[in-house]
Amino acid sequence: MRSLFIRDEIRFTGEQLVSFWAYENYDILGDNIVAFIGPCEVEEKYIVGIDHFKKKTKIKSRRMLHFLVEHFDLDLEKAILRQKLLVDILKDKLNHRLKGDVLQRWGNDLFDTDFKLTVSATLRTSVSTKIHLGINISSKNTPVKTKGLEDYGIDPDDISQAVMDQYRLDMRLIAQRLCKTRSLR
Amino acid sequence: MRSLFIRDEIRFTGEQLVSFWAYENYDILGDNIVAFIGPCEVEEKYIVGIDHFKKKTKIKSRRMLHFLVEHFDLDLEKAILRQKLLVDILKDKLNHRLKGDVLQRWGNDLFDTDFKLTVSATLRTSVSTKIHLGINISSKNTPVKTKGLEDYGIDPDDISQAVMDQYRLDMRLIAQRLCKTRSLR
Amino acid sequence: MRSLFIRDEIRFTGEQLVSFWAYENYDILGDNIVAFIGPCEVEEKYIVGIDHFKKKTKIKSRRMLHFLVEHFDLDLEKAILRQKLLVDILKDKLNHRLKGDVLQRWGNDLFDTDFKLTVSATLRTSVSTKIHLGINISSKNTPVKTKGLEDYGIDPDDISQAVMDQYRLDMRLIAQRLCKTRSLR
Amino acid sequence: MRSLFIRDEIRFTGEQLVSFWAYENYDILGDNIVAFIGPCEVEEKYIVGIDHFKKKTKIKSRRMLHFLVEHFDLDLEKAILRQKLLVDILKDKLNHRLKGDVLQRWGNDLFDTDFKLTVSATLRTSVSTKIHLGINISSKNTPVKTKGLEDYGIDPDDISQAVMDQYRLDMRLIAQRLCKTRSLR
Amino acid sequence: MRSLFIRDEIRFTGEQLVSFWAYENYDILGDNIVAFIGPCEVEEKYIVGIDHFKKKTKIKSRRMLHFLVEHFDLDLEKAILRQKLLVDILKDKLNHRLKGDVLQRWGNDLFDTDFKLTVSATLRTSVSTKIHLGINISSKNTPVKTKGLEDYGIDPDDISQAVMDQYRLDMRLIAQRLCKTRSLR
Amino acid sequence: MRSLFIRDEIRFTGEQLVSFWAYENYDILGDNIVAFIGPCEVEEKYIVGIDHFKKKTKIKSRRMLHFLVEHFDLDLEKAILRQKLLVDILKDKLNHRLKGDVLQRWGNDLFDTDFKLTVSATLRTSVSTKIHLGINISSKNTPVKTKGLEDYGIDPDDISQAVMDQYRLDMRLIAQRLCKTRSLR
């Protein structure tokens, strides 16, 4: 599994959710996790949650650190489980830097009391599953109460590297465990 | 998904890892998570990690809180992902009670600095996948440096209920999310 | 599994076959069976049988009781087997009310001697499988020899409830049986 | 899919449920349905319903017509759906001969009012799924109220051929339908 | 599995890669292999290799013998393995006629030293997987160094029949082997 | 995917077909291909072909070069397709060294006219699929007409390395192709 911190500023509109985005734009072949920084404004046609789609929820943030994961299998449930793991990793890496139990996961989102920090989506494409996880850098001008990495003095570069490394490590350990586990009746 | 805190003291030998254990002993039908308290001494034939099996690792503890999960599908990778989630939930519930970032997950185990608190295994049976997660209550007489719930003044009843509730909630949300997610190309 | 008898008169054009139709229109989340009444005239682009599509078969009826089932898995063969079960349930509920062996299933259709009563289709969407089963209420003005519920004095409300209840019961029993069955070598 | 009416009298003990039984004994390769006549007394180790296994249910009949189906895939849910279809076919062929709505399916069993006629089980082996469906010929000396083919003057040969032919036809139509069905979004 | 040598001259543009092409045009139902002769010029929208799509590779030949395979399952890896088998069969049938070890397979292509003879692609549609394998008849006016059947005096009719027969035989033997193989622990 | 030429002389009895053999004996984790030299005499309980098992076929050779492949997935059909590829690779590497079209594949075996050179089997274990392919080194004292590598002056070391390298290369290309292939409708 490859990873990359992309230096380009990229506006996350949802078009990054389609299959092969990392390959077509950054020549990254196979399962991968990439990170980049940029505003977030998801176009309606890329809103994959049918509940949000129906309510026309606005998914928007001024400046976010984005994680984008692609696995070349077609199992959506597996992707949702990996999404949970990714969100937990981000939480743990942040709490570790904040030296406390500051952030909690509710569903697929991170909160500091009732301040929301993240947006996230998981979906199946015709050839893969993809996970998007965005965490606010700035918490200004957001429609709901939010916090961002700036409010905690967290460096996006450092945290993104820590998260990507841990995610890749966990994926490697899972792949090994699959080849080390006996069955019982 | 059903859950149960079993009041009987049960010695965890590994025989609880076979399929239908919760049904045969406690009439719990379908996907389930149960918890109980008892010593841990895994018999060799129930050691599912082929690496541990080969090295004849002793898996042993004087008194543990055990979680035992059964899902009636056959996807081991999915089970390993759920195991990660269960371990993360236990960690978060403990850290929350300890008001700090005290415990970390390394692979599938929880540590307080270099003190180990847990053992865990995931496997496929002929009809289901199962997860075992045990956390020391007592840390006395263990072969490696360990800590247990007693060292932190944590009540096994309370923590087991919190963990089982959260796990069931996450499973319910995942099942719903599967029915709310559009695909993209 | 949820069910609903929809009180609105709905023209079945095939657009109801796309994924999430019950959620988008009636807030029904997850596997479900719904029923409604209305004319049937399937637009060409919604004809899923490639044989009918090729022959440009007209699928049309003045007034039908429609059943529409959605399961959030992707196994078309399983969906076709569930379709057979649904057709058999409808047949049995009707024969029971007619106190005789009046209707037979040929393939996926119900006949009274050579009078045709039903149309049916099963398909995979990008996230689910769907079954449509329509039974004539009126048998007037149909291109082939048909009969309808009116010809037998059957109340669409009553029969639709009986069919939906039985289908849900069978699905629940199947889900339980999956968690109660041992394997042999 | 091949079929065979086996002329040998065979005591159904459950050993016929293991994989390759039709191949090892009658050289029938691949998916198949066979029928034979004989007493039924299932040994405990072949009782696959964990509920019956736990309650040590006696599964016994003096003389039965047995159907035994093997499909070389591993999907138990699909096998249970096929079992429903097989039971429905048997019911319809009998009701047709009895010129009425005499028998009903409850779950996987056929009843004439509260007289039980059948036993049935479905399971996964290590290479296939199997269905057993037995219908009483004689209703004498059974532990519960039963009826059998003799009570209705039904010839086991004739009915077994009709059932096997219909089951094979339905399987063939399903296989064709799988190759004739377009997907929608 | 059915096969057909199509007598029509057909320009291979890639539109033949969509699902049901053989059924819609030649009434061939189910898994099949067909062959035909014609020029090759793949339109950009039908280039399934994302690497070729990105580089806008021209896939073009003046006159080719085309093989087109469709299997009604959705496993792309299996399709790629079958593609390897098809390419190997073509190679062996040609080498046999050339009485030597003239052609080698590199990846999915056949070469005579550094002269390329074939193009090939495998893909998943919404209902099936498809394989295209084209071998030059003429080697004139190709963008890279190529050879074609004419250069070796090989008759396209004869070779296409030999290849289709062998592929069908191998598929039949594989289907049988699936029903003849025991499992071990 | 790892590979290893094992220097120990090993008698192939079939016990090498069980899961984790390469890990338990040579610490090779994950998908792998290994080769070794030794006599072949398969014990009855390890004969996985139910046809051979029934006929009690003797599978025996004085001295063979053995290939043993393990993939940690459970799809037997995929394993049989990979077996075909492995047999084809062995054939091509031999024919290349023999500078001619000397060996042909019939089913899963290699022949020089009517002299048989190989034995082969594919199976599913509880956690993986495995392929065995053995080619005679000596052709002496075999029950049927055989040839062996000695008859052609082929060095087992050299050929085994060439075969393992090619098989690993093909597996790597297949894994990449899976992540480079777009879908069509």
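Here are a few things to note about the model shown:
Which chain is which? They are A, B, C, D, E and F, in the order written, and residues in each are numbered from 1.
Basically, a contact is a pair of C-beta atoms (placed from the backbone, for glycine too) under 8 Å apart; a residue touches a chain by one contact, two chains touch by 3 or more.
Please read these numbers as outputs of a predicted model, since none were measured by experiment.
Between the contact lists of chain B and chain F, the overlap consists of A, D. Residue numbering shows that chain B and chain C use the same positions for more than half of their mutual interface. Rounded to a multiple of 5, the C-alpha superposition of chain A onto chain F involves a rotation of 180 degrees. Seen from the Cα centre of chain E, the chain whose own Cα centre is farthest off is B. Here the CA centre of chain C is 26 Å from the CA centre of chain D.
With centres taken as mean Cα positions, chain E sits 40 Å from chain C.
Taking the mean of the C-alpha atoms as each chain's centre, chain D and chain E sit 43 Å apart. Note on chain placement: the centre of chain C and the centre of chain F lie 50 Å apart, centres being C-alpha means. Across the assembly, chain C contributes 19-20, 23, 50, 76, 124, 126-127, 178, 180-183 as residues in contact with two or more other chains.
Every pair of chains that touch is listed here: A-B, A-C, A-E, A-F, B-C, B-D, B-F, C-D, C-E, D-E, D-F, E-F.
By the touch rule above, chain D contacts chain E in their complex via residues 19-20, 23, 29-31, 72, 126-127, 175-176, 178-183.
The part of chain E that touches chain F in the complex is made up of residues 17-19, 46-51, 53, 75-78, 80-82, 84-85, 88, 92, 95-96, 98-101, 104-105, 107, 122-126, 170, 173-174, 177-178, 180-185. Interface residues of chain D facing chain F in the complex, by the touch rule stated above, are 20, 23-24, 126-127. Here chain E touches chain A in the complex through residues 50, 54, 76, 124, going by the rule given at the top.
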